[in-house]
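Got some structures for you, see below.
Look at the two complexes coming up: subunit A is in both, with subunit B in one and subunit C in the other.
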Partner chain A sequence: MPMEVTAELLGHTTVVRVVGSVDGLTADTLTGALQSHVDEGRIRLVCDLSGVEYTSSAGLRALLGTLKAARQQGGDFRLAAVQPGVHRILELSGFTSILKLYGDVDTAVASFAE
Partner chain B sequence: MTHEARITCAASRDSLASLLRFIEEACANAALGQEEAIAVRMSVEELCENIIKYGYAGREPGPLSIEFAGSDDQVVVAVEDRGRPFDPRQAPPPDLTSDWDRRPLGGLGWHLVHKLMDEVRYEPVAEGGNRVTLVKRRFATT
Partner chain C sequence: MMTVASNGKRKRVALVIGAGSVKCAAALGLWKALGRNGIELDMVVGCSGGSMYAAMMALGHDVETCERLTRQLWTREITAKRDFRSILGGFFPRIFGFDGNFATIHDARLNAALRGPFGTRRFEEAKIPLHIVATDFNNGQKVVISEGSIFDAVRGSVAIPYVWKPWRVGDRLLLDGCMSDPLPVDVAIREGAEIILAMGFDSPYPRRVKSASRYAFHVSSIYTNNLLRANYSFHNLAHHAEIIPILPEFSEQIGLFDTHKIPYVIEQGERATEVQIPYIHRMLDAVNV
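Entry: the complex of A and B
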């Protein structure tokens, strides 16, 4: 399944919505899209994963790279609406201990105000 | 009923889409459940990525073959190359616990394969190369 990445600004938080599979064919596109936000100073990032049923380790690299880049600049990269299959991969990879996950986009966006 | 299929491509990035399409179709033809199909697809992707990146490093890409056999009780997928020898049992353990700033980018592929499959077998190919056999039992809880 191809992947689409879109973004919108909600207050001071950028919500990046991903739809499709994140794999060796698409992860570079996702990495580039996420990195471009960080490069432009949009370091309060929420990734809406409600439309993603599959991520391989290529996708995990994109997520971890963005997390590092955002936090190193004083921001954060948070995940919203992670689907069960992807959540399992995050757990198996030890990512649930370093990434903040929220049930939906609104909660994730609101978490930046806390 | 057994569903069998095979594909051989050059181990290059240009082949990845064909290889992934092959395994998706094979899983669909064997009527795997979504969770099992995702596990098989992901494991095959990790193996193919490793072979494409490292198997023929420094020389022209050689062959990469996938053999799929799905029966009522399990799926067996063999991935074979003629690249540099690599026994996955020698893969370094993944870092699953470091803080975010010390966590390396990568090194999770083989870990995921072992977690998602019920069996992972390795044998060197006599004429040079590697053969990794993945077994996923149907309706198992792995």
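Entry: the complex of A and C
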């Protein structure tokens, strides 16, 4: 399934919505889209994964790269609405212990105010 | 029909079957799905329970034969005889002697069962290149076996700590592969695979810890499951091969010897693979990915 990436600003937080698979064929596009936000100083990032059913190793690398870039600049990269299939992969690869996950976008956005 | 990349060179596809006892039968479902969709494997890597399936597949047995062989070899019968000599030696070493390793189950029945499908077979006979992972008891390092006796390799790879004794091959004493690398995707990477289908499983925790052996098994599972996550994370991030996790979902608990659930396990493996087939085809067709 092709991937689509869109973004909107909610207060001081940028919500990036991804629809499709994050894999070896699409990860570069996602990395580029997320990195452009970090480069422009939008370092409070929430990735809405409600439309993502699958991620491979390339997708994991894209997520981790964004996390490192955002945190290096004092921000954070948080995930929202992670679907069960993706959650299992994140859990298997230990990502659930280094990334903050939230049930929905609103909660993830609100977490930056805490 | 075999899928070929548009640059004319078919990408090398590996199947890695991790530790997981009966759950590893899900690899047979995966294999069915791949065969139905014309996707060929260039290598098979197996660890612990996964080594049995990897070996059977690599030797060219069809799915039905693999299922039948598994039902014959992996039964509760292979754990029916206690190794009292080893147990007594473990608890009273001064009286009974301790020979440097320990098991609660005598391995004669396991060995006899494994000799059925693998007795005289060698890696060199495999129709698909085969690699089996075990652990060196003396230094804890991963051992990748790619030549010689398949029986020796599988026997070493399934030597569950405290259950069966490690297995000597040459100057090495081999222990369960899951003690060093429960889902050895790195072996496939090293062997040049570009697309890696990784089928891994959590080691099950006993429903109730009601004996010392179950306690030992439970503790081993804790180690193994944490090692699985640590290794899998590292290999996903450190390499650029495409690792495609295929994780069957089981709505019911699958115990160590629940071979009667193998048809269900195979079905779940097939189902989990079918979901990934379009993506695997796209990866095979893609250039420079």
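Going forward, the second predicted complex is superposed on the first by the 114 of 114 C-alpha atoms of A that agree within 3 Å, B and C clash if a C-alpha of one lies under 4 Å from a C-alpha of the other, contacts with A are read in each partner's own complex, and residues count from 1 in each chain.
Convention: a residue touches a chain if its C-beta (ideal position, glycine included) is under 8 Å from a C-beta of that chain, and two chains touch if they have at least 3 such contacts.
Every value quoted in this text rests on a predicted model; they were computed, and no experiment measured them.
**Student:** Where does A:H87 make contact in the superposed view: on subunit B (first), on subunit C (second), on both, or on neither?
**Tutor:** neither
**Student:** Once chain A of both complexes is superposed, is A:K100 in touch with subunit B (first), subunit C (second), both, or neither?
**Tutor:** Neither subunit B nor subunit C is touched by A:K100.
**Student:** Once chain A of both complexes is superposed, is A:G24 in touch with subunit B (first), subunit C (second), both, or neither?
**Tutor:** Touch status of A:G24: both partners.
**Student:** A:L67 in the overlay: touching subunit B, subunit C, both, or neither? Say first, second, both or neither.
**Tutor:** first
**Student:** Looking at the overlay, does A:S57 come into contact with subunit B only (first), subunit C only (second), both, or neither?
**Tutor:** Both partners, subunit B and subunit C.
**Student:** Could you list which residues of subunit A make contact with subunit B in one structure and with subunit C in the other?
**Tutor:** 23-25, 54, 56-58, 60-61, 64, 85, 89, 92-94
**Student:** In their shared complex, at which residues does subunit A touch subunit B?
**Tutor:** By the definition above, subunit A touches subunit B via 23-25, 53-54, 56-58, 60-61, 64-65, 67-68, 71-72, 85, 89, 92-94, 97-99.
**Student:** In the complex formed with subunit A, which residues of subunit B make contact?
**Tutor:** Interface residues on the subunit B side: 16-17, 20, 34-35, 38, 41-42, 45-46, 48-49, 94-97, 99-101, 103, 105-106, 108-109, 111-112, 115-116.
**Student:** In their shared complex, at which residues does subunit A touch subunit C?
**Tutor:** Residues in contact with subunit C: 1, 21, 23-25, 54, 56-58, 60-61, 64, 85, 88-89, 91-95.
**Student:** Per the contact definition, I'd like the list of subunit C residues that touch subunit A in the complex.
**Tutor:** 200, 228-230, 232-233, 235-237, 239, 241-245, 247, 275-276, 278-279, 282-283, 286, 289
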